[in-house]
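Each of the next two complexes has chain A plus one other chain: chain B in the first, chain C in the second.
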Partner chain A sequence: MSEVILKNVGKVYEGKNRAVQSVNLEINDKEFVLLVGPSGCGKSTTLRMVAGLEEITEGEIYIDGKLVNDIPPKDRDIAMVFQNYALYPHMTVFENMAFGLKLRKFPMEKINERVNEAAKILSIEHLLERKPKQLSGGQRQRVAVGRAIVRKPKVFLFDEPLSNLDAKLRVQMRTELARLHHQLETTVVYVTHDQTEAMTLGNRIVVMKDGIVQQVDSPLNLYNNPVNQFVAGFIGSPAMNFIEGKIVNDDGIKFTSEMNVLQIPLDEKVFSKYVNSKITLGIRPEHFSDEDNALNKIRITLDVVEQMGNEVFAHFAIDGKPIISRLKPKDTFRIGAEVEISLDKNHFYFFESETGSRIV
Partner chain B sequence: MINKTKLSAVALFLGPSLLIIALFFFMPVIAAFAMSFTDFDIYALGNLDYLRFVAFKNYSTLLSDPLFWTAIKNTFYFVMVGGPLSVAASLAAAVLLNSKFIRFKGVFRLIYFLPVVTTHVAVAIVWRYIYHPRFGLLNYLLGFIGLGPVDWLGDPNWSMPAIILLVVWKNFGYNMVIFIAGLQNIPEELYEAASIEGASAWQQFKHITIPQLAPTTLFISVITMIGYFQLFAEPYVMTQGGPLNSTLSIVLYMYQEGFRWWNIGYSTALAFMLTIIILIGTSIQFKLQKERNG
Partner chain C sequence: MAKVKKYLVLALVIFVAVITFLPFLWMVSASFMPTGASNTYPPKLFPEKFDFSHYQVLFSRLNLTRYLLNSIIISLGATFFSLFLNSMGGYAFAKFRFSKKESLFKFLLSSMIIPGQVTMLPVFLLLKNMGLINTYWAIIVPGMASIFGIFLIRQYAFSIPDSMIEAAKMDGATELQIYLKVILPLCKPILVTLGLFTFMGTWNDFLWPLIVMTDSNMYTLPVALANLSSEHVQDTEMLMAGSVITIVPVLIVFLALQKYYIKGIMMGSVKE
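Now for the complex of A and B:
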């Protein structure tokens, strides 16, 4: 069992700059948890507090039931993979992977066995005698992962491990990491700013912004039920479209966009108390259609058309604001073409414009 | 093909510096090399007719000159003990000043660097007082722990250690600055990775700092060795090579032969012997470094 528990964890630098604020999180044994958010949101700081590389200024962190606030990194039984790999340049791949075991006074046969086992899992057996500078980015990444797994730690920590790889390799390593987690069955805490990585890798995702946890949930729940505008905009690619407007009472409760292009009748029970307040409508690109005969049909002119083959990203404007939609490909979609497009009312999200919190 | 304008531009830019290097470096070196095969002395200085070509006589005399061997022995003593001591002191100071727990780094850096830019003579005068057998600060301090007094500059056994201490103190700040630059180039992540893997502070120093500093250390060792083989000012000011020639260095002997006794031919031969020694020392260090890198 190796669960990680964060209780009211906070980080304040030099008594004034707050990086992380009261994070509460229970990471279960063998769970793959992702910390995601834009840069500067405190996700790396949180991970580094778990690792012991940053002092925990508020709250408590438990690993495997043990309070680790004052335990140095080496005694926390964790392994970490860094964004820049942090391989020791003067050691061979073998020595890099064996370093931690040597320090822990493992017998040589055991070290050989563990390193070879890890090398086999990662298919880097042929690289063991090389130095890091003779390796490609992807190979270095594998060695860094190998160095982490040889020690069989309780928890793996990954700090943006794929950010330095090119797009193709990133996708490949992502799949391998998912497979590796399945194989090793260890608790993983993984930091990334890439929402695709978050969606594809994690059992649960922790979305952070400005040092505060916004939502903790499974990938699908985050996608379907974001608690606020930030999470809604962060999860999903291309991102959710937002249209500013307000609620009016004019022959029934309605949402009208700023320039009245959109008029959407709404449920009176929920929205009557918002009359005259500013509201933001959120709609994902995939919830536009040019086929449905549904309501909420509008005429738009296409700005940019990105043909992807299996789908098309059609850009246009509503109320002068850029909107992106994801449609089934058609020859008639061209720049300047006029198209009737409908919005799927079952997938509308409404947020209070001021606070960003969602209206359910 | 280089056209004419280009050639004149090249000449214009490179010409002055090449001229200066030729005039003040290559010419004297070649002249000195030529002189080392003559008996150039004060008579030849007066009238070049007295100059005689003596082939390798200066060099063969050197090899059977007991003072030359004393100077060699003293210089090696100085380089072998003072060199590593100086590099170690610089490294220790650099590591201390690079630590994130130290405050007022700028002030300490300045203090440690001050001796480097202070003139030899001023330093020597102060240190003569420190080393004074009766009124010196060093003996006074030793007295507290029941040692001494030691006649630092008067006892042939202590004179060289005294010189070494002075030189190390005066010079470690220079290498310290280079080491600090080297330390700042080591990525912080390596230490973080090592600390997670279980390395103690000492193990991090041994397995990361030392290997990562290897190129800097090689540079510093070579520069220090070359400089230390040319030990001159400190014994010249402090001891004049004494007592009993115990601080007579090669360059000091060269200076005495050349400018006190005017045996210029002989002293240039000494200079070239020193060059050969430094050349051998440097190549040994490069070779050691290469072997360690595998």
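Now for the complex of A and C:
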């Protein structure tokens, strides 16, 4: 059992610079949790507080039921993989991996056994005698992971471990990490700002912004039920489109976009209290269609057409704002072509423009 | 044309090297000449036959073994303590977070403009009160920590990524273990450089040992040599033998470590 619990955790740097604010999080045993969010939102700070590398200025962190606020990193039984790998350059791969075990006074046979086992899992057995500078980026990454797993810690922490790798290697390592987690069955907290990593790796995703947790949910729930405009825009690629407008009462409650290109009739019960307030409509690229004969049809002119083979990303404008749609490929989609396109009203998201919070 | 230029430069370099090397060569060869033989005309560059008598006299009658030992103990001691303390200080200034760190460091740096001679008297009195005059500590203690050494290590330690230290913390290392097993090995080139500076500086120092070592048993080699030269003004060959003994150990240390030394000086100039 090794769950991690954060209670009202906050971090203020040097008494004034607030990085993290009242984070509440329960990470279950063997769970793979991702922290995502834009740069500077406090992901690393949160992770480092769990690691013990950063003092916890507010709140409490429990690992395995034990309050760890005042426990130094070495006694928390956790391992961390750093973005720049942080291997010890003066030690061989073997020594790098064995370092933590040696400090913990493991007997030599045990160390050999653990290191060889980890090296096998990561297929770096042939590299054990090398120094880090004789390794490629991907190999260094593996060694860094190896150094973490030999200790069999309660919790693994990863801080953007793949961001220094090239695109192809990143995809490969991502798959390997997923497999590794399955194999090792250890609790993992993983920081990334790559939302593909977030969607594919985790059991649950924590979306952060400006030091505040926006939403914690499974990847699919985040995608389908974002609580606010920020989460909606952050999860999904290409990102959700946003069209600004307001609610009017003119022959029934309607959403009209700023330049009246879009007119969407709405449910009175939900929206009557928003009459005359500014509302943002969100719609994902895949919820446009050129086949459906449903309502909400508009004529648009294609600006850019990206043929991907199995699908096409068609760019156009509504109300002068750029929109991306994801359609089934067709020969007639060309730059400048006029197309009738419909919006799937079952997949509309409405947000209060001012606060960004979702209207359900 | 380029080739001619290359040879010209080469010739110049050889010429300067020979000029520089000659006195050294003469010192060594004169030390093997019988008394008076180095002052004959025309001067001789090499001894006609090797005469070891000066060395014998130096070590037997003139107590040079004692001075050599003094010099070795003092220089090694000073080097050890200076490496130990300066590396800790430099590492702390580079990597630890504590309040007033920058202003404290600037204050320390500013003390570098005070010339060493000014502090000699106060330091002497201080040591005297501590009862350290005429002990090895009289030379070792004042050189144990230096701003220059701290500065050198600090600049070098900046190049060690924080995450390396954090990784060691996660691996379970205590602060002392991080310092001993991660920081010191990584700082090796700069430690060698600083160690060499300290060793040579202490070994060659004349004024300070002269001031604090009044007991002739505690003389270091340079002081003993100076005494020798006033006692045996006429015996050039004997003096040269003494000089050889004084210089050779530093030379050996320097040659043995020069590989690292050059690496240390070049380190940090290029970011990897």
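FYI, the second predicted complex is superposed on the first by the 360 of 360 C-alpha atoms of A that agree within 3 Å, B and C clash if a C-alpha of one lies under 4 Å from a C-alpha of the other, contacts with A are read in each partner's own complex, and residues count from 1 in each chain.
Basically, a residue touches a chain if its C-beta (ideal position, glycine included) is under 8 Å from a C-beta of that chain, and two chains touch if they have at least 3 such contacts.
Bear in mind that the values here come from a model prediction, so they are computed numbers and not experimental data.
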item: Fit or clash between chain C and chain B when superposed on chain A; value: clash
item: Partner chain(s) touched by A:S277 [first = chain B, second = chain C, both, neither]; value: neither
item: Which of chain B and chain C A:A51 touches, first, second, both or neither; value: both
item: Touching partner for A:R104 - first (chain B), second (chain C), both, neither; value: both
item: Partner chain(s) touched by A:T301 [first = chain B, second = chain C, both, neither]; value: neither
item: Contacts of A:S357 with chain B and chain C, given as first, second, both or neither; value: neither
item: Overlap of chain C and chain B interfaces on chain A (superposed complexes); value: 51-53, 72-74, 78-80, 82, 84, 86, 88-90, 99-100, 103-104, 147, 151
item: Interface residues, chain C side, partner chain A - complex; value: 161, 163-164, 166-174, 177, 181-182, 185-186, 188
item: Residue ranges of chain A in contact with chain C within the complex; value: 51-53, 72-74, 78-80, 82-84, 86-90, 99-100, 103-104, 147, 151
item: Touching residues on chain B, where the partner in the complex is chain A; value: 187, 189-190, 192-200, 203, 207-208, 211-212, 214
item: Touching residues on chain A, where the partner in the complex is chain B; value: 51-53, 72-74, 76, 78-80, 82, 84, 86, 88-90, 99-100, 103-104, 147, 151
